[in-house]
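Here subunit A shows up in two complexes: once beside subunit B, once beside subunit C.
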Partner chain A sequence: MPQYVQDRLNIYDAILLLQGLGNTVLLCVSGLGLGLVIALFVGLARASRSRFLSWPAAMYIEIIRDSPLLMQLYLIFFALPLMGLQVPIFAAGVATLMVNSSAFMAEIVRAGIQAVGKDQLEAARGLGMNYAQTMRHVVIPQAFRVMIPPGVGLLIGLIKDSSIISVISYIELTRVGQILTEKTFLSFQVFGIVAALYFLLCYPLSKLALHAERRLKVSG
Partner chain B sequence: MVKVKNIHKHFGKLHVLDDVSLDVAKGEVVVIIGPSGSGKSTLLRCLNYLEPVQSGEIWIDGIRLDHHRTNIRAVRAEVGIVFQSFNLFPHLTVIKNVMLAPVVVRKRPESEVRKAALAMLAKVGLQDKVDAYPSQLSGGQQQRVAIARALAMQPKLMLFDEVTSALDPELVREVLDAMKQLARDGMTMLVVTHEMGFAREMADRVIFMDEGRIVEEGAAADIFDHPREQRTKEFLGKIL
Partner chain C sequence: MRGYVFQFREVFQELPMLLDGAITTLHISILTLIFSLIVGIIGALCRMSRLGWLRVPATWYVEVVRNTPLLVQLFFIYFGLSQINIDVSNYTAGLIGLVLNNGAYLTEIVRAGIQAIHKGQFEAGYSLGLSFPQLMRHVVFPQAFRVIYPPMCNQFIGIILWSSLVSTISVHDLALRGKELASTTFRSFETYAVVTLIYVAMTLTISAALKVIGYRVFRRPA
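Our next item is the complex of A and B:
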C-alpha cells in the first residue's frame, strides 16, 4: 500500500504559517518589550556612580551576555521544573527572550547614557533638577538617539534568534516550518516562505529605525 | 545675599580655593578677574554646589549650602548659572529649553510658564527664534537663550562663568548687552570674565584672585587705575 504524501501546500498550511507568524510576533513583542523595560533599569544602574548599583548590574549583564541563548532556554524550561517551578511553554519563551535581550540592551542603554556630556548634567543640576528629573527630561531623550542604531540591530537579531524557541515545541514560525516540511518534504518552498516571513518582520523595523534616526538628527 | 566664610577646596594636591571669604549684598554686581587657574570659576561653581568645598561655610539667601540634598536643590533653584559653553539642551527647542526647569522643578502650570518664557526671550531679543533648535542658532544667540533659561527660574542670584569666552568677537556684545540690562534691573550678579570693559562699566566691586586667594578687591576704578598689590599690577599690565 503506497504511503500518502501531501505534495503541495494547501490552505490549512497557509493558515498554520500565519498562526506561526502571529505567535512569533506575540513572543517577540512580549519578550523583547519586557526586556526593554528591564534594560532601562539595569542600564541606569550600570551607569550609576554607586557601586552597589553598578556592580550587580555589570554581573547580570556579563553572565547573560556570555552564555548561550539555548542554554538559557533549557535552564528556564527544563531546569526550573526540577526546582519545583513549572514554566508553561509560552512563558518560558517570553522569559528567555526577556532575560537575554535585557542584558544586551542594558549595555546599549549604558553607552547611550554615558554618551550624553557632563555639561548637560551640570546644566540640569544648575537649574535645580534632581536625578530622576535630569534622567527623564535631559539624559534619556538624548541617549535614545544614540541607542537607536545598535538597539534596532539587536532587536532584529533577537527576532531571528526567537526561532530557537521552536526547540521547546512552541508553535512559532520556525516550528511551523519544521512541521510542514515533515509533512510535505517541500523543504525548499516551506523554509523559503518562513525566511521571507522573518524578512517581512525585520525589514520594516530597519526602515523605521532609519527614518527615526533621520528625524531625530534634524532636531539635534 | 551671599556669604562665604573661609572656604577651602583641594583638587588632589592642588589648593584651588585657599581660605576664601566673600560677601555679596542684594542687587550688587561683583566681577571676579584673575589669571586662568586662579580658582575664580571654581569659586563660582561652589556657590551652587556643582563643586563641593572641603571646609568653610556658604550661605545663600539665608540657606546653608551643606551636604543635605534638599538644601542643595533649594539653593540651586534660587541661583541661576550660565556656562562658558552654553550647555543648552540640544533635543529641545528654544522655548522648551527655557520652560523645562520652571515646569519640572517649580511645578508651575505650563501656560503660565510659556507666557513668562516668551517675555524672557523677548527681553534677550530672541522672540523670533522661539521654535528653533539650539544647533540652528549662533553662539551669541545660544548664550542669550542660556541666560533666559536661567532667568526663567526667577533666581535671586545669577552666576556667569566666562560666558563670552567661547564666542566670536563680534558676538560678544549682544551677550554683554543682555547682562548689562539684567544688572540695571537690579539682579544680584557674580561674574567671572575677561571683559574688562564690562567690569569697569557695570561692576559695583571687582575682585582679583590668584592662586586660590582673593588678592585684592575694591571699586572698579580703584582696582583698574590704582591697584595696590604687585600681582594685580602684573596681571592688569598683561591684559590691558
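Our next item is the complex of A and C:
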C-alpha cells in the first residue's frame, strides 16, 4: 500500500463529508430555483393554444427528457467555454441541473395549469382580466397547490441526480466520497456513509411528498 | 461563439465506433430490464406478503434504493466488490448496479399492477382450488401485466438514459465512446451533440416501437 494511504477515517474526513453534503444542497437548491423560473415560461408556452409557442416548448421538453443528464452536463460544460464564457464548475453544474429540472418542472407546471377548471378562466375573463392578470391572480396560485407533491418528488430526483456533477470534479458529496476512497481504500464504508447521507436528505422529503399528495386528495 | 467553427466531419468519421457503443448501451439496458423485472416480481410479492421477515426487508430495499443516487450505488458495488477481493468485470458490476437500482422501481410498478386487480379475482381463484403459485401464474400476472406494461416501458427508457452512468466505471457504452472520441478529436461540443442526438433517437424509436407492440398485444393503447 502507498505511504499516503490511511487505514481509517478521521474527524477531518467527517467535516469534508458534511461540506460535500452542504455543497450538494446548495447545488440542488440553486438548480431547482432557477429551473422553476424557466419552467414557468416553458410550461405556460406548452399549455398555450398558439403552436408557435407550444411546439418549441414541447421540443425542448422532449429532447431534455429523452437524453441522459450526463450528456447534458458534458454539453453544457464544454459549450460554455465555446461561447467565450469562462465559468466556474459550480456554475456549469447549476446550469445543467437548471436546464434538466426545467423540462420536468415545465410538465408539472402544465399539468397544474390544466388542472385549473375552465370556468375559472371564464370567470376571470368575465371580470375583465387580461391573460397575464388571469395567470398571475387566478391560475398560478391554484396550480401551485397541485404542483407541490410532484415538485417535491422532482427535488428528490434532483438531489440524486446532482451526484453526476461529481464527474466534472465539483466537490459535492459523491466527489468527497471518491476522494476519501482514494485516500483510505475503504470503499464500502465511505460509499455506505455517502449513501446514508443522501438517504437522510431524501427519505424525509419522500415522506413529505406522500403526505402532501394524500392531503391534496382529501381536500380535492 | 464568435471565431469558433463547428466541424462535425471527424465525429461522423467515427460514427461506427459510436454505434458500437450504442449497441453496448442497448445490450446492458435489455439485460437490466429482464433481470430487474425478475427482481421486481419477487420484491413485489415480498412487499405484499403477510410475513414480516419478507415484507420489512423488501420495503427497506425499495426505500434505500429509491432515496440514494444510482452513481453512489454503482461506486458502492464496483469499488466495494474489489475491496473484498471479489473480481468481476466492469460490465458485470455495472449490470448488478443497474439491476439492483431498477429492481426497486419495478417492485413498485409490479406491486401497483397486482394491487390493481380486483379482490374477487383472488377469491374466485382460491375457490377454484388454485394454489398461490397457480393463482399468480394463471390469474394475476396475465391481467397485471397489462397494467404493468406502460410504466415498465417508461422505466426501460429511463434505464437506457441512466445506463450512461456505467461509463463512469469504464463500461464501453455510448457515453464512454463519446468521451473517448471527444478527447481524441478535441471536438467536445460536436461529439457530445451527436452522442446526445443518438440517445434521443434511440429512446424515441424504442418508445414508439413499444407503444405499437403494446397496442398489438393488449388491443388498446398502452
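Rule of thumb we're sticking to: the second predicted complex is superposed on the first by the 189 of 220 C-alpha atoms of A that agree within 3 Å, B and C clash if a C-alpha of one lies under 4 Å from a C-alpha of the other, contacts with A are read in each partner's own complex, and residues count from 1 in each chain.
As a working rule, a contact is a pair of C-beta atoms (placed from the backbone, for glycine too) under 8 Å apart; a residue touches a chain by one contact, two chains touch by 3 or more.
Everything numeric in this text was worked out from a predicted model, so none of it was measured.
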### Task
State whether A:L26 touches subunit B only (first), subunit C only (second), both chains, or neither.
neither
### Query
Touching A:A123 in the superposition: subunit B (first), subunit C (second), both, neither?
first
### Message
With both complexes superposed on chain A, which partner does A:L9 reach: first (subunit B), second (subunit C), both or neither?
### Response
neither
### Task
Return the chain, subunit B or subunit C, that is in touch with more residues of subunit A.
C
### Task
Check whether A:L40 is in contact with subunit B, with subunit C, with both or with neither, and answer first, second, both or neither.
neither
### Task
Based on the superposed arrangement, let me know which partner A:Y203 touches: subunit B (first), subunit C (second), both, or neither?
second
### Task
Considering only the touch criterion stated at the top, classify A:Q142 as touching first (subunit B), second (subunit C), both, or neither.
first
### Task
Give every residue of subunit C touching subunit A within the complex, in rising order.
1-2, 4, 63-64, 66-73, 75-76, 79-80, 82-84, 157, 161-162, 164-165, 167-168, 175, 178-179, 182, 188-189, 192-193, 195-196, 199-200, 203-204
### Query
Taking the complex as given, what residues does subunit A use to touch subunit C?
62-63, 66-72, 74-75, 78-79, 82-84, 156, 159-164, 166-167, 174, 177-178, 181, 185-188, 191-192, 194-195, 198-199, 202-203, 206
#### Entry: Complex interface listing, subunit A residues touching subunit B
119-120, 122-123, 125-130, 133, 137-138, 141-142, 145, 216, 219-220
### Task
Using the touch definition up top, name the residues of subunit B that touch subunit A in the complex.
48, 50, 69, 73-74, 76-77, 79-81, 83, 85, 87-91, 100-101, 104-105, 133, 135, 149-150, 153
